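Common to both upcoming complexes is chain A, partnered first by chain B, then by chain C.
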Partner chain A sequence: MNLISFLNSPAAKKLGWALCGLAVAGMAILPMTHFGSNAELFTLTLMLTSIGVAINWNITGGFTGYVDFGHAVWFGLGAYVTSMLMAISIKLDPVTLEETVEADGLGTAWGPVPAIIVGALFTGLCAAGIGRATMRLKGPYFSIAMLGTLVAVREIVRVAEPITGGGVGLNLPPYINRPLFYYIHLVLVVVLGVFTWWLRKSQFGTNLIAIREDEIGAEMRGINTIATKVAAFSFSGFSTAVFGGLWAYQNTSVDPDIAFIETRTIDAVLGTLFGGIGTVLGPILGSAGLFWLKEVLWARFTESHLIFQGVLLILLVMYMPKGIAGLFDTRGTSLATIWSKWMPSKDESPDASPTPKSGSGKPVVDTVATSNEGAV
Partner chain B sequence: MTVDTLTPNAPTGSPLLTAKGVTKRFGGLTAVNDVDIHVNEGEVIGLIGPNGSGKTTLFDCLSRVQTPEEGSVQFRGQDITNKRPHKVAHLGLARTFQVIRVYRELTVLENLELSLQWKNVPMSKRMLRPGKAVTDKAEKLMDFLLLTRLRDDRAGALSGGQRRLLELGMSLMSDPKLVLLDEATSGVNPSLVEEIKDRIRTVNKELGISFLLVEHDIRFVKDLCSRVVVLNYGQKLAEGSPESIMENRAVIEAYFGADGDEESTVIDDGKVSS
Partner chain C sequence: MDQFLQALINGVALGGMYAILVLGFSVIWGVMGVINFAHGEFVMLGAYMAWLANNQLGVDPFLSAPFIFVLMMGIGYLLQLLLVNRVIDRPHLVSLLVMFGVSIIMANGLKLIFSADFRRADSSLRGAYDLTDNITLPVTKTAVFFIALAVLGGLSLFLQSTRLGKSIRAAAQNREAAQIVGININKVYAITFALCIGITGLAGALISPILSIAPFQGPPLTLRAFAVTAMAGLGSVKGALGGAIVLGLIEATVAVYVSGIGTNLAIIASFVILVVALVVRPQGLFGGLRPVDATAS
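The block that comes next holds the complex of A and B.
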């Protein structure tokens, strides 16, 4: 039995899941061992954050086929709304040297749990509203619109100084408990991983794949494509915002440039592509692998690590379009496949009926069913 | 072979689909111009015409992929001119496409399961795996359409003819009242064409599902349809029994004298090939 056929066998799949279980168990007992120093736990918490964001990105980008280049906006919004609800400012009296703590941001000074929940819900609503508008666009146009959304929201936050603190940002009540944050993130990522596994199996998840594969066909077969894709997008935003809120609390301060940093999107996209876009395990394996690469290797090249990142992205798209999971599961997809539907190209299937394409000189109305016009 | 899992309709012969004055323009090109068409319950209607005569655009207008600029479409007594396509699908109008639309990354079984419209299923159940009843129905249909051995294959791996059959199965999954078939036999080998013809006839006779089909194979149309509508340059040229259409002067001219069309069209042995 050669390697490829073994990797595609059910036994390999079982082995894969067993290894995942083992990894989770290992991570669960880690803080109790001597490897679980606060610094280690903090790094691992950041890794779990990037895994969580990638899983959420994969729900819209991988399952639904809407490649979101501005996904960091949901992370940033979650972080900011949470911060605005929790923010405090510490003032030092220059004469008496007494510290006074005042509520900042929205002036509510809530506790972390309600703030994170409200922040995530608000972000979910925003995602639904923005998604309803931007998801009319297809393929790369949607990606660019979302990139624009990220930039626009960041600038809005910068301008809305009275409640967001402007470019300086906000401070949160400091609370450092690395093991607690670590466990919260671990549980969230496991729950999210199981959720996406279930989602992929569920009718709703299959409908998402149907939208990715052929949106007009999905609508014709009775799937309410707008409601379905916006619901998925909204959930993705909500769930990303939970990680954003936790990150803000852990970071004890936010400012627009760090909360809405583009790199967070790039990491999610890169991690998912590395692991296998449109698969359940892909974003988890890919983001973990990418994070490890960054920490271990790229920390040595502080100035040039982005070059490695770019080269990796190019190599991935060229030579491993289906990522790591593509070796196991032939049913994954690739960015090229997702986008090829929106690109003018030759019909890829040789056995499809030889239909003249519109735009080949003469107007041929018979083929308009394949165009986007009139699409929902 | 049985199709007993599908719910039979009781054909009453009353109008099922009525389109009046449908007009669709693309810029300066009027693809469909003031076309009236109706399908009664239990009927199989053929829609023929030279390339570029607006058949698929008319299909698109009927199934709401495109919105007609003028005219109205009634289906089962409801005005569907401005309804979303999935709502129209829920009413019982299914269609296939000229360029095959199956979900290439999903298996044959998943493709079929997905095509059940969920119209009577509560929201809570929609989130779960398709139930046994759905899978059973999909398996019966696979059996009926000779797809059983391909159950777990990716649809992208199927041949053109198998995909046509799968698409037909997907349209039947939801117990439709009317199926619009867009070139169900193009790119399909002759023996499979006979199978498709046989399946359509069975479904029509036993379940009372009506069909409106776009076809270039005149023999196929003659064997199946009770009435044929001919389109040319987006307008209705003729309508009548297959025999009367075959003898219609204007129809023969439209096929022969496809003026300046680079693809010459010949009627040969009862079969129009381009």
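The block that comes next holds the complex of A and C.
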């Protein structure tokens, strides 16, 4: 009783932010302590990557209400364009045993900074183009169209062998500096976290929420819904691609199956749902928690740890649809409105017009509220 | 000309195979409003059962298929009882995410049991029959095509003329009204789900001599099922056949005329069809059990 009222108070919110600040400060000084070995920094960098991808997924999936099942495509595209611009191949002469380094991919052999920036900008443009087409679709249709995009882009990359290296992939100039990558990721995630906090308060972010709650209503209020949601989607793709490019550089090689792996989407969706969809801190806390849970499970059950992920997804969706954030904020209806976009048209007669019904949101709010009470 | 005829034959045969592959997905969505994200994994489960029977006992997949149908119906019924029934009243996203969880569990479970190696069952119906000097008829796919026609016809007849079939259609069109006239909706859903999972497992058994089976081969099949359903309309048996043949023809044409990378392009083709069909004609090409509009909020 007292705990719940405390968790809902502004003081709890301040405490939460203070803890976050403390966590960031702790992570910043970590490489200087004796815990910060290269292996640990590498693991933490991967955690920061998954947090970054989840924050970006939340901008489309949580704020705008478009649940993207193919978000890994932007990560992979960023990784691949960066690699194509930077790729080299080392050839060993069989007679003289001399190594020659040749530019591979697009044959440009750029440095990492311009390559990652160009890769991310290109991905942002692609996201704008694809989003312009797929964001016409609603609910499950959008989700599956994005899953299709992921599968199709992966195959396109596999087919375009002259510039992508086909199924074998590309090699990048090796550069191992764990602390540097760690700090870059930490700064990026902090900047992105603060940016989403600002976005949530800004007029643009409010427009996104308006689109999520009632797209036609938002349009009637004079919001250019298409430009707004496509801009958010494009930013989300751009920002994910930055993490993709960094990942490719750190990994020193890419191939289609690992760059476009579905698990990355699953992690982003699951992490965000775990933390609380449509909130600022949710994807950060959720992805961090999920990452460590996976590490623990992976160490214990190497072969079967992904099965637990499936079980966790089912349990979360059925019994804790608001995630961790639902424990703090019992007023929110953000999830209910995302859910409502997906409400099946069961009770419509076959010749019903496709115009939305004003009352259709109400029962959905009820179901989610009831299920959430069970969780708290 | 020969090349064109060959593409036509391959396409129609492939289309028949896709028709039986997507039927269960389409009907579950049409009747229950559940998007079975684990559809491809159920196909794989059926295919692995057929492979196991073939590998251990030497049974031909075409002979073990009816038994797999019954077994998979049981699995479908249990899953409906334990899981799907609990989320059926919730919005699409909930059931879709739950089925997404099921697909993760199934794919990794299959990997744990059967390893990630590619498998293929042996059937006595194999090889190619020479129609003319340059045109061949793929024997296994043709057999699957005719079985698919029989299953589709049977299901259609079941939905049109039996009392149970009529209650399934009624439940798809208007759930409340169906309940008012005394249809036990839970029973109808349980039967529909069991039947569709059974058909999906049957399809898996039938394709086990044709496609290589591996635990993570499910998602491309789910994607194709979605493409065909989006093209055809929800729960439409005729539409499933029509849409599947269109997809089969496109894939076969691409594979015949583009050598080497045709199979990769085929997946790209099914995605392009999906998005174009959804954007251009969101209500589907054929009338289904339930109206669909992909752009309505």
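Structural remarks
Operating definition for what follows: the second predicted complex is superposed on the first by the 333 of 376 C-alpha atoms of A that agree within 3 Å, B and C clash if a C-alpha of one lies under 4 Å from a C-alpha of the other, contacts with A are read in each partner's own complex, and residues count from 1 in each chain.
Just so it is clear, a contact is a pair of C-beta atoms (placed from the backbone, for glycine too) under 8 Å apart; a residue touches a chain by one contact, two chains touch by 3 or more.
Here the structure is a predicted model, which means the values were calculated and not measured.
The wider contact with chain A, measured as residues touched, comes from C rather than the other of chain B and chain C.
Legend: residue contacts after superposition of the two complexes on their common chain; A:221 is shown touching chain B, with no touch to chain C.
In the superposition on chain A, A:50 makes contact with neither chain B nor chain C. When the shared chain is aligned, no partner comes close enough to touch A:272: not chain B, not chain C.
When the two complexes are overlaid on their common chain A, residue A:139 makes contact with chain C while staying clear of chain B. Contacts of A:207 after superposition on the shared chain: chain B is touched, whereas chain C is not. In the superposed pair of complexes, A:196 makes contact with neither chain B nor chain C. On chain A, the patch touched by chain B and the patch touched by chain C overlap at residues 216, 347, 349, 351-352, 354-356, 364, 367. Residues 26, 29, 31, 51-52, 54-57, 59-60, 63, 65-67, 84-86, 89-90, 94-95, 97-106, 110, 113-119, 126-130, 154, 159-160, 170, 174, 182-183, 186-187, 234 of chain B are the ones that touch chain A when the two sit in their complex. On chain C, the positions that touch chain A within their shared complex are 33, 35, 83, 86-87, 89-94, 96-98, 100-105, 108-109, 111-112, 173-176, 219-220, 223, 226-227, 230, 261, 264-265, 267-268, 270-272, 274-275, 278-279, 282, 290-291, 293-297. Residues of chain A touching chain C in their complex: 67, 133-134, 136-141, 143-145, 147-149, 151-152, 155-156, 158-159, 215-216, 262, 266, 269, 273, 303-304, 306-307, 309-314, 317-318, 321, 338-352, 354-356, 364, 367. Touching chain B in their complex are the following residues of chain A: 201-204, 206-207, 209-210, 212-214, 216-217, 219-225, 278, 330-331, 333, 337, 347, 349, 351-356, 362-370, 373-376.
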